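Next up: some structures, all given as structure tokens.
Both complexes below contain subunit A, partnered by subunit B and then by subunit C.
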Partner chain A sequence: MRPMLLLGVAVALLAGVAPLLSIYGQHIFVLVALYGSVALAWNILGGMAGQMSLGHALFVGAGAYVSTALYLHLGVSPWIGLVAAAVIGGALGAGMGYTVFRRQLSGVYFALITLAVAEMALHIVSNVAALGGANGLAIPSKPDFANFQFGSKLGFCYAALGVLAVVSAVILAIHRSRLGYVFLAIRENERSAAALGIDVVQGKVVASAISGALAALVGPVYAHYVLFIDPESVLGVPLSIDALLFAFVGGLGSLFGPLLGAAVLVPLTELLRGFLGGRLAGVHLIVYGVILILVMRLAPRGLWGLLLDSMPRRTK
Partner chain B sequence: MTAPLLQVRSVSRWFGGLRAVDEVSFDLHGHEIVGLIGPNGAGKTTLFETISGFMRPTKGTIAFDGRDITGQPPHRLARLGIGRTFQIVQPFRDVSVLENVIAGVVGPNRETPDPRAEAMAVLTRVKLDHRAAALARHLSLPEKKRLEIARALATRPRLLLLDEVMAGLTPAEIDEIMVILADIRREGIALLIVEHVMRAIMSLSDRLVVMANGRKIAEGLPASVAADPAVIEAYLGGRHHGAA
Partner chain C sequence: MDLLPLLPQALADGLLLGGVYAIVAVGLTMTFGVLRIVNFAHGDFLALGLYLTYLGATLLGLDPYLSLVLVLPLVTLAAAFTYKLLVAPVIKAPEHNQIVVTLGLSLVLQNTMLVFFTADLHAIPSVLSGQIVRFGNVFIQAAALIASAVSIALCLGLYWFLRSTELGRLIRAAAQDRDAALMCGVNVERMYLLAFCIGVGSLGLVAPLIAPFNYISPSVGSNFTLTAFIVVVLGSMGNFAGALIGGFIIGIVEAVGGLVTGGSINFIITYAIFILFLLFKPEGLLGGRRL
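This part shows the complex of A and B:
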């Protein structure tokens, strides 16, 4: 279990670093951990199992809305909301995967359907009064551990780090198990996979369910951090694109590349935003584009690939 | 005599008006090597696809080990013990040779205490153990062919379907594959081999099934089949059966 131990050490180190950061630094920490988690979750389906999703905001948004609605309307603790989010995210992932993959539809159809379903969810939520409609839901500030409001950015650093740790542990567990080989085989060659006794449809549905459940975990943490959610921010296309982009830049299908992608691109976005003030809104998207092109040209295996190449080769 | 391991009964596969496989029947017993030969376009690969579950037969039935498997999906057949290779090798290109074979070990989802060791043992059987750490895409063609066999072997098949594993190889490389196949049979695995390399198929096979234009035109010992006028006509371009 050496990789799990390594993960534990990394999480402990990050937890130790968080209190030393400035308030702004802690804000970046939370964002990187949350975006990194979404990108890692996306990568389980899109990278490891090779089924591109263009709608992962659906899972984040579902998680955010489920836990927030439960909290506001029924007084259910967001800690339970977190579990509910994962269950709903997993069910959505499984349902969507089963609907598409059972019909032997290729990856392009899956990508388009994820995009369409996420957009449908956005428009449905925008028209449901109980969910705040297009105006969104505001969460009253009542700092209390039971309310998932920690009264400090440091508390959210730990919450976000917790989600990141869970997502990372699941990825390591998959990587070291039969499921890792099932995903790999499906990604590389479906015919070969089937000839080796692998149920390709089942494998894809499982990937979709795990990916959806983990992405949904991010929603409640984000919602209680910002204390406000609306359809555009948690169900919108930009979030879906971010997940995919971080994974691509970090290294598609690599173990932790997507986190690396988020760790580079999220601070860059925030710096640009601070540097430009209110001017030139959206300029970070242009920067994203340039970085994406550079990575594809210079490091097709992403930043994670660069990192591995730069490390001294271990003899096996 | 024990019941046949594989029973193909009047299997047909039509594509629109084209009868790619037309009422083909034959048996294959455990421990047996059967060669499936015929001119290009005879329907050998299509028959293969139906036996391995990648295509559903239009008509007819296929039984394996006494149970009807007609129309079962390929992953279930692989779990029952039917392994196959592909004519165009399809390795998982961007992972190591060892990982390719581990995928075969764990693919059928049964108890595997040490997949890595089991995969390594399989690589030794096909004499590819020295390449275990190499990326599959860096292998030469003969090595890729052996990897294809190794990955299928890793699923612990009782019947292995080999689709032109010798195509494109030099005589020396073909000899190596023949040694490997003879070893596999000695371990008690039955083989159904589609092959164009006549020297190999004649010496390896216990029996031959000959197809032309979707139909079985002959079956029997290699020597008698080679002397069969219908077979000679099919191969040497008689107008009736069209060797093209």
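This part shows the complex of A and C:
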């Protein structure tokens, strides 16, 4: 239980720090926690189980649209929407995983399918009037705890931190369990894993379902934070790339590297934006691209790996 | 509205579009077939070619067809540098790393163009813009006809080159078995460079040809990358004839789909075809990885 205790302490510390931050600092806090959660969720499938997805926006977008549509059309509380989001995300992850992995498709084929499914979802949502079409859905501002609108950035800091804590707890629980070793075995060598009696397809489907459910949790929080969602922002390719990027830069397969990646890159993006104002729209993405390539070339284990290397080795 | 009379027009448009898709896909399938690398930045080199054409038109006043002499070598040069700096170092790396490196390159290329040229749409006029060829009830832009014809000729030419020339044989040897080719004295490293330069460089030839009848924007590249992937999977990875057939199929699906449905429902059909193929026939229409 020690890792869980450590996580509790870390979350408590972060919760204590949040009120001390400026409004801008709290905004960054929310973004880091949300992007970090997506990247961590991506990493369960992409890093721990070794199946690279290029379409995780699908889960975030599904979560955001399910909870928002339930809230706007049926008056269902976003708190219940949050649960619905996780269920839908998990079901999508399981369904996609089952159809793909059962057919022994992996590597670039899996990446392409996830990309195509997410893009298709984007175009479908763009054509459904009830979901606001390409214009998106706006959530009327009614600050109330029951509406998942907290009236302050601090409230959203706690909501985002809550999601991050849930995602982290699940990762810790998986890590030292049988499931964690199943993922590891699949990632390292599928054939050996199968020879040892591991159901490889089932393992990957479970990874996909967990990853999808956790990524979907981020959607409702994001939607109620920004009070507006449209297909491009929650279902678009850039979000899928962000998830993968933070995970790779932070350290693929390490437990919390993806969070580190988000914690470094998100503030960097915001700083660049502050510097350049509205001019030069794509600069932060150029920086992302360069960092991604450099990390691949110089430190394939990511920032987390660099951090571990720089620490003094423990002697046995 | 009765759509039937418009069908021949849509079919013709689809065939013309398909020719261009085919050569873009052939480039992608060539780099995949030989280097076993999936290049997510493929379409961005086409966008690069388009912006070079645009620069040629605005700075030097060149007609797109004239700027071909500049764009083709420049794009090929960019391909050579890309191979040396980015692709060669990861050629033996895990697939993950290769995908991530080309994704990173795509981010850099696309957004560099965004920074320099903004997201505004640009059109590049040519002497041939607005020239229409008429076949019965079907109207075709002369520039589109030329682009498609050259693209198809290029596909066939590349196929002939790989099949029937000594150099083509060497490239195929490197593609089929790297180690065996090395032992027979094939300079595999150079064959990889050559294949990458041909695959990507052919976009430098296509770009000025499609410039007169296309709007250009920084995101045009990723659209073409995705379409090329769809075409390549449809026609089997690494298969030239497959890419040609796949290009025509997707071209016609897009043109006829656009006629029947309108709007972006069109994309849904294309993606649905893609996903169904990936799931049920991932080896594509023609199968195999023959080069």
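Rule of thumb we're sticking to: the second predicted complex is superposed on the first by the 314 of 316 C-alpha atoms of A that agree within 3 Å, B and C clash if a C-alpha of one lies under 4 Å from a C-alpha of the other, contacts with A are read in each partner's own complex, and residues count from 1 in each chain.
Going forward, a contact is a pair of C-beta atoms (placed from the backbone, for glycine too) under 8 Å apart; a residue touches a chain by one contact, two chains touch by 3 or more.
Just so you know, these numbers come straight off a predicted model, no measurement behind them.
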item	value
Partner chain in contact with A:120 - subunit B first, subunit C second, else both or neither	second
First (subunit B), second (subunit C), both or neither touched by A:164	neither
First, second, both or neither for A:189, with subunit B first and subunit C second	first
Touched partner set for A:199, first subunit B, second subunit C, both or neither	first
Subunit B versus subunit C as contact partner of A:66, first or second or both or neither	neither
Touched partner set for A:181, first subunit B, second subunit C, both or neither	first
Partner chain(s) touched by A:263 [first = subunit B, second = subunit C, both, neither]	neither
Partner chain(s) touched by A:290 [first = subunit B, second = subunit C, both, neither]	second
Subunit B versus subunit C, judged by how many residues of subunit A each one touches	C
Doubly contacted subunit A residues - partners subunit C and subunit B	none
Residues of subunit A defined as touching subunit C within the complex	52, 99-100, 103, 105, 107-109, 111-113, 115-117, 119-120, 123-124, 126-127, 134, 237, 241, 244, 248, 252, 280-283, 285-286, 288-293, 296-297, 300
Residues of subunit A touching subunit B in the complex	178, 181-182, 184-185, 188-189, 191-200, 316
Residues of subunit C that touch subunit A when the two form their complex	38, 86, 89-90, 93, 95-97, 99-101, 103-108, 110-112, 114-115, 118-119, 218, 222, 226, 229-230, 233, 263-265, 267-268, 271-272, 274-275, 278-280, 282
Touch list for subunit B against partner subunit A, complex	52-54, 73-75, 78-79, 83-84, 86, 90-95, 99, 102-104, 106-109, 133, 151-152, 154-155
